[in-house]
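Starting off with a structure, shown below.
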Amino acid sequence: MKIDKRQRDGATILDLQGRITIGEGDVALREAVQAAVADGAVNILLNMGRVRSIDSSGVGELVAAYTTVTNRGGKLRLFSLPGRVLGVLQITQLVTVLDILEDEDEAVASLA
Amino acid sequence: MKIDKRQRDGATILDLQGRITIGEGDVALREAVQAAVADGAVNILLNMGRVRSIDSSGVGELVAAYTTVTNRGGKLRLFSLPGRVLGVLQITQLVTVLDILEDEDEAVASLA
Amino acid sequence: MPEPVERTIRLSIGSRYENIELVQAVLDETLASLPLDEDAGYWMGIALREALTNAMKHGNGLDPEKKVEVCLAVDESGIDITVEDRGSGFDPSAVADPLAPDNLLKTEGRGIFYMRKFMDKIDYDFGAGGGTKVRLQKKFGAAGAAVEADQED
Amino acid sequence: MPEPVERTIRLSIGSRYENIELVQAVLDETLASLPLDEDAGYWMGIALREALTNAMKHGNGLDPEKKVEVCLAVDESGIDITVEDRGSGFDPSAVADPLAPDNLLKTEGRGIFYMRKFMDKIDYDFGAGGGTKVRLQKKFGAAGAAVEADQED
């Protein structure tokens, strides 16, 4: 998985690209979130638009990221979820817990 | 494999696309050459430019096509061979037997 | 060739996550010849990946020398997969419900749940000689666990 | 993960040409993690396809119920493949030379020749119980049977 980091209106946006699956994207995601937090990021937005696939391990990492950021008083939000990624989160009822926004503008606005 | 047939300057050109491998392109190639001959084609040019792969079975079909056409007094020529296809023919010394031309113009001109 | 599409493929792989991709490649190639919509194949792939992950991790302790045996049987009507490890088994009935409020934010425990959702049926079989064998079945075209990706509300 | 790349994968497939694609998919996926140039993998793939074709056709008489057993062992240094059928064997030393002038225009008889050219070494083994097992080996980076695709002269 490829992860690019950028800033917008005080939020840290991570653009994820590829698969968040065991042994691959799961570790990369964890490290990227931890690095962002270590760099002082409070609110983090995950751009899921180019995530091709996710398994239970990847879902676990999303939850871990959510907990890490929330416990420090920040917000973690997801946007632009492809149908397959959204489907996996819906089935385990995580759409009710994780903050999921339609697109980047909405996600950024939600932090204001 | 996909095969399109067209005419140019009295020659029948078969544009081959895909793999000439066992159980797939080999049969398609045989049928296309037989159909062209049945339709009265004398000289046939095989456009190999988009042949992705060939195995010994595909090579056998090229030889069979060559023999079929030659036995009827016609000419079978090949042009635009990708390196991998050419390699396979070189190794079995078929480049010395089959008529191989650089490109379509050269192949058409060679029949004049 | 209008022969019936019926294939059984066995694979034996070491317990390394990279090998999941090999099995995925075989699944993709096997399904490619069937008139299945891409999403259906995708969800089966996720279920298979979860089964492989569990066999490698919980069963074989990620020991690359320990093999996972996979059997894929496919015909026009459906798919029947088994994944077998050399671990010491477990009690499927004791696995926690990932939807229980206390578990919703756990970072683990969703694998078997996804398998059940994405397939019609999953069964566990624990051989006398140890090891876990999970069987995943799905009929093609059956509604099964259709995933509706509506936007959340 | 900087672990050594060393994998052994076994596959068992019915004798149908479509199944060649499954094995090709596994080979491609296996080689993808190695710093091999694409052409090298391509030529190994052709050799493997020839071995599978012979096992299915000459060995198992294209009986889809008869299995071909494939073992792919790969590490950084090279690949070691075996392909085994349930046929009645043959005498490799009696196979005609496809380069002999009389054979140049034959439509068959090039498969084993290609295997030898594209791999470093091929060996046949005929078990007591019948069947043919061909072993194909190639070191990566070795010159072996480099194919030079110069334009013909």
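A, B, C and D are the chain letters, set down in written order, and residue numbers restart from 1 in every chain.
Quick note on the criterion: contacts are C-beta pairs under 8 Å (C-beta built on N, C-alpha and C of every residue); 3 or more make two chains touch, one makes a residue touch a chain.
Just so it is clear, the structure is predicted and the values come from calculations on it, not from any experiment.
Undergrad: What chains, if any, are shared contacts of chain B and chain D?
TA: The common neighbours do not exist; no chain touches both.
Undergrad: Give the label of the chain whose average Cα location is farthest from that of chain D.
TA: Between chain D and the rest, the longest centre separation is with A.
Undergrad: What is the distance, in whole Å, between the centres of chain A and chain C, each centre taken as the mean of its C-alpha atoms?
TA: 26
Undergrad: Approximately how many whole Å separate the CA-defined centres of chain C and chain D?
TA: Comparing mean C-alpha positions, chain D is 30 Å from chain C.
Undergrad: What's the distance between the Cα centroids of chain A and chain B, rounded to whole Å?
TA: Taking the average C-alpha coordinate of chain A and of chain B, the gap between them is 53 Å.
Undergrad: Could you put a whole-Å number on the gap between the CA centroids of chain A and chain D?
TA: 45
Undergrad: For chain C, give me the residues that contact two or more of the other chains.
TA: Where chain C meets two or more other chains at a single residue, that happens at 16, 18.
Undergrad: If I count partner chains per residue in chain A, which residues reach a count of at least 2?
TA: In chain A, residues 23 touch at least two other chains, as defined above.
Undergrad: Using the contact rule from the top, write out all pairs of chains that touch.
TA: Every pair of chains in contact is listed here: A-C, B-D, C-D.
Undergrad: Would you tell me which residues of chain D are touching chain C in their complex?
TA: Contact set of chain D toward chain C: 3, 6-14, 16, 18-19, 21-22, 25-26, 28-30, 33, 64.
Undergrad: If we count contacts the way the header does, which residues on chain B are in touch with chain D in the complex?
TA: Of all residues in chain B, those touching chain D are 21-24, 53, 55-57, 59-61, 63-64, 66-67, 83-84, 86-88, 90-95, 97, 100, 102.
Undergrad: Taking the touch rule as given, give the residues of chain D at its contact with chain B in the complex, in rising order.
TA: Chain D reaches chain B through residues 16-18, 20, 39, 42, 46, 49-50, 53, 98-99, 104-108, 110-111, 113-114, 117, 145, 147-152.
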